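Right, I'll just put the structure down here and ask away after.
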Amino acid sequence: MTTRSDVRPILSVSGLSKSFGATTALADVGFTLAAGERLAVLGENGAGKSTLIKMIAGVYPPDRGKMTLDGAPHRPSSPGAALAGGISVVYQEPSFFPRLSVLENLYVGREPRDRAGQVDWRRMRGRGEELFRRLDVPVELLTRRMDALSLAEQQLALIARAVDIEAKVLILDEPTSILTDAEVRRLFLIVQRLSEAGVGVLYITHRFEELEHVADRFIVLKDGRLAGDLPASEADHDRILEMMSGRPVNAAISRSAAQPRPVVLETSGLTVPGAVSDVDLTVRRGEVVGLYGLVGAGRTELALTVFGVLRPTAGTMRVDDRPHTPRGPRDAMAAGIAYLPEDRKTLGIFPGMDTLSNITAVKLPELLGRLGVIRRAEERKLATTWIDRLRIKAPTPAFPITGLSGGHQQKALFARQLATEPRILILDEPTRGIDVATKTDIQQRLVEVAREGTAVLVVSSDLPELLAVSDRVYVMREGRVAAELSGDDLTEDAVLRATMGVNR
Amino acid sequence: MTTGALPRRPLRDRVSDRRVFLAVLVVALGALMSLLSPYFLEVGNLLAMTQYGAVIGLLALGVSLVILGGRGGIDLSGGSALSLSGIVMGLLAQNLGLSPWLAALVTVAFGALLGSVNGFMIARLGLPPLIVTLSTLFLYGALAQVLTGGGQLGGFNREGFAALGQSAILGVPAQVLLVLAPAFAVAIWAQNRTAFGRRLHQIGTSDRAATLVGIDVSKLRFRLYCLSGALAALGAVVTNAWLLTARPSAGLGMELQAITIAVLGGIHIFGGRGHLSGVLLALVVVVVLSWGLQLAQVGNSVQTGILGLVLVGAALLNNLLTRRAPG
Amino acid sequence: DMRNIRAGLMAVVTATALAACSTVGGPAGQSAAPSTGGGEGPKVAFVSQVEGVPYFSAFKEGAEKTAQSLGMSYTQAGPSTADATEQLRIFNSLVQQGYSAIAVSPLDPRSMNPAIAAARKKGIVVVTADADAPDSERQLFVQQASDAALGATVMDEIAKAMGGTGKYGIVSGAADTQTFNSWVAEARKRQQSTYPALELVGGVRYTTDTAQALKEAQDLMTAYPDLKAIIAVPSTAVPGVAQAVQNAGKTGKVAVSGFGSPKTARTYVESGVMTSTVLWNVPDLGVLTVWAMKQLLDGKQLAAKNTVPGLKDPVEYSAATKTLVMGPPMVFTKANIAQYDY
Amino acid sequence: MTTTTVPSAFAPSARMLVVLRNALLPILLVAEVIFFTVAAPGFLSAANLANVVINSADLALLAAGVTLVVLLAGIDVSVGPMLGVVAWVGATLFVAGMPPALVVVIALLLGGALGAINGALVVGGRISPIITTLGTAAIFKTVLFILWDSTDVFAGPVVPALGPARAGGLPLVGLVVLAVFGVLAYVLRHRVFGRRLFAIGNDAEGARLLGVPVGRTAFAAYVLVGVLVGLAALIYVGRVGVVQATAGNELTLPAIAAVVVGGTSILGGEGGVLRTLGGLVFIALLQNGVVLMGVPPLWNGVLVGAAVALAVAFDVLTRRTLDKRIGAKK
């Protein structure tokens, strides 16, 4: 990757600090971003990355520190002011307008207007279509309601909105966490084009393999402090990892081969209109089965069908060789199935509640005494065990879950499912937003859980992750199983070919 | 990395708790009222005053549960359900000559039935709560009128039934000691200690997440509406024992008072947040305020406005003290 | 930051408003001030059906004057809407404050009974006035005019305007207000016995406020284009019904009468929309009520015919029903309505 | 970035279904009119329909105002009592001989000012709209009681267009109401202010992140509600002719009912004033038709309550089924 010759600083930050009550989220951080430069911000979960960009974007005022944008002091009084100053952001926890169309979502706050000051719907539509064509997103989506889209489609729309804003600085907070390879590559192209046009890009990611494509330079945050600032040419993964965690990290997971064991979950001819067609799939005891595909391939729907949320119109499912016809998640849970949803904001967390009860939510029936009274000591013990085990950064178990960083929220949800010791564990984008070190932990744990006798089905758009943990991978395309790969056939190349429908 | 050492709840959270605020308000109002009227602080008076909170308290409890259950939950039909249940009890006791005690039991079941109509339309069919309960507000209120042809029913002053609304035990009105207090005690206990309470908050904060952790969301929500209906009917039973008359307009306008008490008590209108103990305190605030003003001979219509000022002022002060988003 | 400053400002505004409001509350409590000051004789009170309406204000006018002349202090209070529990609360608060005699116009005939019994047990004189609670332990009912006379009078007025035949409608108040129901029942009884050629159409329409009465009256006229008269029962319905007739341009074609106070009906009686309004001398009812309380406080027996200071005609007393009847209803027409200020 | 495309064979019929979905409320209205035309003599006469228009005109304006704040995910339950206060002031000034034009201006300003109180409490005081307006509703009731002071105020229409007057059989207030709804519908669709209401109602925090001036917009919406209430108050005076102590109180619930029956989501960010107009017409015709049908008076509420519940059930359930067919999730 070439460093740009144009070194005019577009954004510079110095001495930036921010605390939330007793938590210091960011302390004395400084760096410069040159015009056209692509800067990756790295750090463990809770290191302060999102806090940093929220201050740049005017969401929180900094407690201390200075920022300049394009040479002038940058002290945004509101997100709107930052936006007007030329800062465009895709936030980690996506915020959008569920009951508006995708088109309206794209232009909220910057609707094209005609001379009479009226909202110019025709021009808006034209610009939206052009934008989506440019980004290779289906134009039909523009008229759909935002909440009718899959999570990944929503994410694409939000990215489209951010890149369409004519900005000096584009900030992307973990934009790829649920995108698959093809979409991610498309995104890199856009980023590159923008940086060539002189836009400074701040990019947050936990996917190391992306770094060489998106970054000219890295900064690393650790516990809210700047732990490193180096050009891409000098970075190697181990060094960055060490800066992030302050200790050497083993990024590889170890696993033994799966033993042939009985089939626990089996679907045959499973069909859900508009999403899943004629899917045959098996998962054995002790085995990790991966599920890969493009956005909209139907993986999430397949998982939801097994978990009893969606009703199939054809085909059968069997669990332990008995017919599995769940009328809802409760039936699925009774059959020993656990499911970690991909959309933690709307399907995962209970936002008003504390970390403790978020973790014990599924386990609750086993924590009850007479009259449905919760045995509180036991519940607390369970929660703290998992908080320690997954190193969830919560000041107390009673801390509200929404006060945790995105990655730690995800860990809490992971704990919720692991705590139930299920027979079948279905994980939809399980390491979404989780930092590298912890990710390895979780992947390791996932393999262990399988080896201890659970049947694990992992939906992930993170192909390296999927290849690292899976014994077998199904590739889905347009609702169908396009390939089943295992053993020596299970290579990155083979998966991608199947995904695209390219003949080998 | 976690746990143990830190206090369970940050101090600021405690101060910002609506309940602390309401408790202070009760004391302040009590002091103010005793200045306004020399009769206010008489012990007999203090206890007797609680009787006015019994009926509206039951309704506020019901609507609080429904609001806590989330998804825009609200029960506007509480007042009308009270009227209709009261009339049904009157028909049973007066026209059919049933024992008032038995009639009371049947009435509470009937109230649950009225609630189940709301519950069915809201939880099973997924219709918007506001519109469903608005319809039943009209429907139940009108049915009460139809059943009596506009008149009133009696027949409650038998078999010692009137004691439920007329007598006092150790100075505490029976309807408070035997109905309101136990209802709130059970509800507060259930909210804080039982799976029911936990699940109530879970469906209230995220419907869809609750489904995925295995809660039968529509069943639970259905039950909340039944409960609200049953509590309204209990309110009707108390009213009948107290006034010895069932009027078809007995509950008129009570739904808004009940909602006022619920939100004053800190029940968050979008569900999942708030404490029933706060609702109890809000009830005390409202009762103290209106009884005190009554003793100070402040006209009834002016009391309404002062209550409104207290509602807004309390919310404002609470926000000011805690600097937190919408109360 | 700005928002806190703004919030602070709001708090100040609210606090000021609260303070302002408590001074506004002052006048309402003024009548109480001398009474709680005490010492100048027994305290008596009247609990109306609803606070502030001109009708009860007129009552207060007569009552207050009489109380003063008899050396007593007088208080009047009532619920803001016709709500039986509110009324009970007000009654009990007066009991609590040590009043010697309380008169009440109960919203319904039963719900007051236990409270009346309790007050009697405390040695307080309790009478009903304007409306009755016949099964209660009240010592006396001060009646303005008999329901029968009121119903018959309004029916006579309407029948006269209709020329003895045709369709008429009734717009009443809340369906469960006993007083209105009795008047309506008596009016219909009179019609059936005396004016068989008249026909009630559309049933009795129940309403809660003026705007609703207006709508009901309008719909009645649409449904029955040959409607010839409407009886408007409560004082909220009177202007609504009259306005509907006026809006429809049917002044003179649809006759209106009812039980509105002269002040409420005056505009319409004078413009000819209303033929008349039927009521009684309301201040006199206040006079009589306070006088009656005084008699009971003094332990005096009532005679079959009593002369009351301030009233022109003697007042009849029925010992059997413990009822004191003021006299026949009054009919207010264009000729005399301007003389009455209530 | 290929995503699964909607099968193209599906598209035309999906469009039909979308059209059908949006036509549900009009279909219900037509059904209602046909039913009452047959069942209620006199229903379909010009005079009766004009009466319905005149008698619902003030309510329509309140409902329009409530729609604006419901779109914001707010609510205003103080519109009825607010109307009472403005009506009293307007009628009193008019009777005192103030020029009509001035009375109109003052009424609109006063309404706007009362609305501004709500707006300031919601935006500046960060109190939830329901608490704010429950509180101010109580305060407005008391204020009217004190102003009224046991004296009814009798007044005629301040200007003819705000009274029961008709031109060639057409009620003038109907035209005023239509004009207001037309302007509001235009604003909601074509002005930035309108688009902001929708965005805020969907996600206020998200809107703030995109530079939408959330506080200012919300405040303006509450003020606008007040102005509409001010106009409605003049219409109230014009048609009822008298202001009493509880004037307007009974209008709050029907106004909210019109909004929700029309199908504006109480969660905010979805719906519009034309839907509200549909809901209002549905309820107004229902109440009128039921009386003309000769239903015994006490049964009115039963029929109205049941009909509203059934209509909404029909609307919501059919729409949901159609949405499934169209392929939109949730």
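Note that the chains are named A, B, C and D in the order they appear, and that numbering of residues resets to 1 at the start of each chain.
Simple rule for what comes next: contacts are C-beta pairs under 8 Å (C-beta built on N, C-alpha and C of every residue); 3 or more make two chains touch, one makes a residue touch a chain.
Just so it is clear, the structure is predicted and the values come from calculations on it, not from any experiment.
Student: Moving only between chains that touch, what is the shortest number of steps from subunit A to subunit C?
Tutor: Counted as steps through touching chains, the separation is 2.
Student: Taking contacts as defined above, which has more of them, B-D or A-B?
Tutor: B-D
Student: Nearest whole angstrom, what separates the Cα centre of subunit B from the Cα centre of subunit D?
Tutor: 29
Student: Provide the C-alpha centroid distance between subunit A and subunit D, rounded to the nearest whole angstrom.
Tutor: Computed from C-alpha means, the inter-chain centre distance equals 43 Å.
Student: How many Å are there between the centre of subunit C and the centre of subunit D, using C-alpha atoms for each centre?
Tutor: Roughly 35 Å separates the two chain centres.
Student: Please set out, as single numbers or ranges, the residues of subunit D touching at least two other chains.
Tutor: In subunit D, the residues touching two or more other chains are 121, 125-126, 139, 141-142, 145-146, 245, 265, 267, 298.
Student: Give the residues of subunit A that touch two or more other chains, as numbers and ranges in rising order.
Tutor: Not one residue of subunit A touches more than one other chain, so the list is empty.
Student: What parts of subunit C, by residue number, touch at least two of the other chains?
Tutor: In subunit C, residues 7, 10-11, 17, 21, 24, 51-52, 80-81, 175, 204, 206 touch at least two other chains, as defined above.
Student: Give every residue of subunit B touching subunit D within the complex, in rising order.
Tutor: Subunit B reaches subunit D through residues 72, 121, 125-128, 130-132, 134-143, 145-146, 149-150, 256, 259-260, 263-264, 268-269, 301-302, 304-309, 311-312, 315-316, 319, 325-327.
Student: Could you please specify the touching residues of subunit D with respect to subunit B in the complex?
Tutor: 77, 121, 125-128, 130-132, 134-139, 141-143, 145-146, 245, 253, 256-257, 260-261, 265-267, 298-302, 304-306, 308-309, 312-313, 316-317, 320
Student: Which residues, counting only subunit D, touch subunit A once they are in their complex?
Tutor: That would be residues 1-6, 189-192, 194-196, 198-199, 201-203, 205-213, 265, 267-270, 327-330 of subunit D.
Student: Where on subunit B is subunit A touching in the complex?
Tutor: Where subunit B meets subunit A, its residues are 1-4, 6-10, 12, 193-196, 198-199, 201-202, 204-206, 208-214, 216, 268, 272-273.
Student: In the complex of these two chains, what residues of subunit C are touching subunit D?
Tutor: 3, 6-7, 9-11, 17, 21, 24, 51-54, 57, 80-81, 175, 202-206, 208-212, 214-216, 218-220, 222-223, 225, 236, 239-240, 242-243, 246-248, 263-264, 267
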